[in-house]
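Shared chain: subunit A. Partners: subunit B in the first complex, subunit C in the second.
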Partner chain A sequence: MSRLSVLSTASSIEHVSSNVPRPPRPSILDRNLNKTRVADVSGSAFSFLFSELVQYTQSRVTGINDLERRLNTLGYRVGSRVLEITVWRAESSSKAPKREIRLLPALMFIHTHIWRAVFGKPADAIEKSVENADEYMIVDNDPLIERHISVPKDFSQLSCSSFTAGIVEAVLDGLCFPARVTAHNTPNSQYPSRTTILIKLEKSVLEREEVLKT
Partner chain B sequence: MAIFGLWVINKAGGLVYQRNFADGLAQLTSNEYLVLAGTLHGIHAITSRLSPIPGASSGAQVIEGETFKMNILLTLTGTKFVLLSSLAEPSADVTLQKVYDVYADAVMKNPFHTPEMPIRIEGFDNRITALIGNGHMA
Partner chain C sequence: MSHHLFILSPSDTPIYSLTHYSTKPAASIGSPLSANLPNWSTSAFAGTLTALSGASSATQHTTGGTVRVGGGQDRHVIQMIANASLDAIEDVMRKENGMYLKAVDKFNEWTVSAFITPGNSKFLLLHESKNDEGIRSFFVEVWEVYVKTMMNPFQSAQRTIVSQAFDGRVRASAKKHL
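The block that comes next holds the complex of A and B.
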């Protein structure tokens, strides 16, 4: 008799534990935004996701330009959110949070803070175009998102970093520096996947810079 | 000690990658390689059912001849990696695992590769070269 009761208790515990729903995870909107500040995602998981993203896009476009434009658009959606959360975190962590209103500090902000937030390391260089006053370049020697991607020969002009260009474009837009941003492969012997993000600023930005100078 | 060649066979038995490293084996035409790979695929399917112990079996893992051996790595998805090496080559198993790693990175994460189709990926070639080189490892 006693044995039976033990059995029934055990089974009832099992019954309860399997049927009680887990406490619901807090909604993404209720979670602390700073909790994930130093958390990393799996590089492999991201590579697979990005690979699918490129494949999905590729099956819906007619040419390389179209593909780059779409990757840019997708990156733009990421960039506008990255800017928002970076600014929010800067506000809560520093005593004198600051919003960049001059061009060069804004570019430095992208080069260092945005790159670190997205890729975990700052970009490798910022350059100013010698020929055109409205062009700036951010250089990444080994772009994280292209680490496992080999572009076939017949797509030679394609740069998957158009996604990164979209992020940069969104951040610049959000800081009120409207620009057209594109990505270009600029390999050298040491860094075969070196990529240049080319920023072509709108005229209004340069005019404002002139006014602010004085 | 030498590594002569590497094959990658897809789950349907098609040869999707073939590359030679050290000299020593007879040179074949690409068609002959395709036939050999298909035959090996069939032999492997038979050996995997020969096990006297019931349940799943890995099938043949090493096939040895007088002058060379053939290590076969069957992955969970059915892709086979085959390494042709000299009998004295001690690191064939380890090398195959590393090739599988490289395959997972450079092939499967590449959006321009179609699964089960021949592998023509520069990044994969380069990383295999870095791994095996000319087949004579120190």
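The block that comes next holds the complex of A and C.
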């Protein structure tokens, strides 16, 4: 019932505004890409959108793994765009725009610039796995997208930061460091929603790093 | 003098192509090979053979007084040169961190310059004369409209760019810089 009423108000607004002649919508190519550089999106609006996104996905999956995979795919779509625009904003005015070709600067770029572009602050830590040479971890003590999410007990494995993992995966893919990226809950006493984004790089990446080292 | 632009998706599928005929005077490059070649016109592969041998004068088609190369029969040769240069580009882009890779490959009279976007899409330009600064400005402008197009949620990096506004913008900057 509440849904219906929302629909009807929306249509009445549409009706009123259609009486006023609207100026033609400018082409997306005419917009300035730097206009929204420092603009923020309302946190509650985003939380609402993200909660709908999780619910929509949840109603179409068979289990937690599937749900995380789908959130990852959605994040990937965001990540490939975030990468293009973040680098464009940083490099387009320079005489000789640069790409990242080394692994560590690329990871630092994600930790600092991508996090800042998406969440408004750098991530809290970046670590290299002690056991496996091909694993890196980005730690966020209080992920923005999970701030208003409380995961039920029987879903304890689920991490909605899979969306963030998708963003990271897209950025690494774009920069030619293919990897499998997953999100894991790693709470501690101080930060109950602490999340680790685990990056498992493909073999080819490490081989290339070895060649570039010399 | 003609320029050929190809935009390739991260998986190297062509998603946009443009042939631009520059109005600027071309520096005439003598092709010694062309003078020694027999007339191929009776062969079915005339266009391919002469274009591959670099004898551009034999395949030039005159339309309305302007000389056009690569837009007609020998279009597939241009595509082949662009495809072949991908190997050279992949080698260079692993080692160099610039986005603009100038003159990465050469084939007869054609020079291939490339621009790699951060998301690993490639812009390829086949050109005949040296014009580093113009090509750089051209690539940077194409990059801007490319980013704007990719921000559209209905467009993906894998899909052909059909937007007429995009086409218009690219043509305008080609006219300006090439």
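Criterion: the second predicted complex is superposed on the first by the 184 of 214 C-alpha atoms of A that agree within 3 Å, B and C clash if a C-alpha of one lies under 4 Å from a C-alpha of the other, contacts with A are read in each partner's own complex, and residues count from 1 in each chain.
Assume contacts are C-beta pairs under 8 Å (C-beta built on N, C-alpha and C of every residue); 3 or more make two chains touch, one makes a residue touch a chain.
Quantities reported herein were computed from a predicted structural model and do not represent experimental measurements.
Annotation for the three-chain superposition on subunit A: subunit B and subunit C fit side by side.
Shared-chain residue A:208: touches subunit C; no touch with subunit B. Within the superposed three-chain model, A:47 lies in touch with subunit B and out of touch with subunit C [touch as defined at top].
If you count the residues of subunit A touched by subunit B and by subunit C, you find the higher number for C. Of the two partner chains, neither subunit B nor subunit C is touched by A:112.
With both structures placed on the common chain, the touch criterion links A:141 to neither subunit B nor subunit C. Look at A:29: by the touch rule set out above, it reaches subunit C but stays clear of subunit B. When the two structures are aligned on their common chain, the gap between the nearest CA atoms of subunit B and subunit C comes to 24 Å. Those residues of subunit A lying in contact with subunit C across their complex are 27-29, 31, 33, 77, 80-81, 83-85, 87-88, 91-92, 96-101, 173-176, 208, 212. Contact residues of subunit A toward subunit B in the complex are 44, 47-48, 50-55, 58, 148-152, 155, 160.
On the side of subunit C, the complex with subunit A involves touching residues 10, 93-100, 116-120, 140, 143-145, 147-153, 156-157, 163, 165-166, 169. For subunit B in complex with subunit A, the residues that touch the partner chain are 105-106, 108-112, 120-124.
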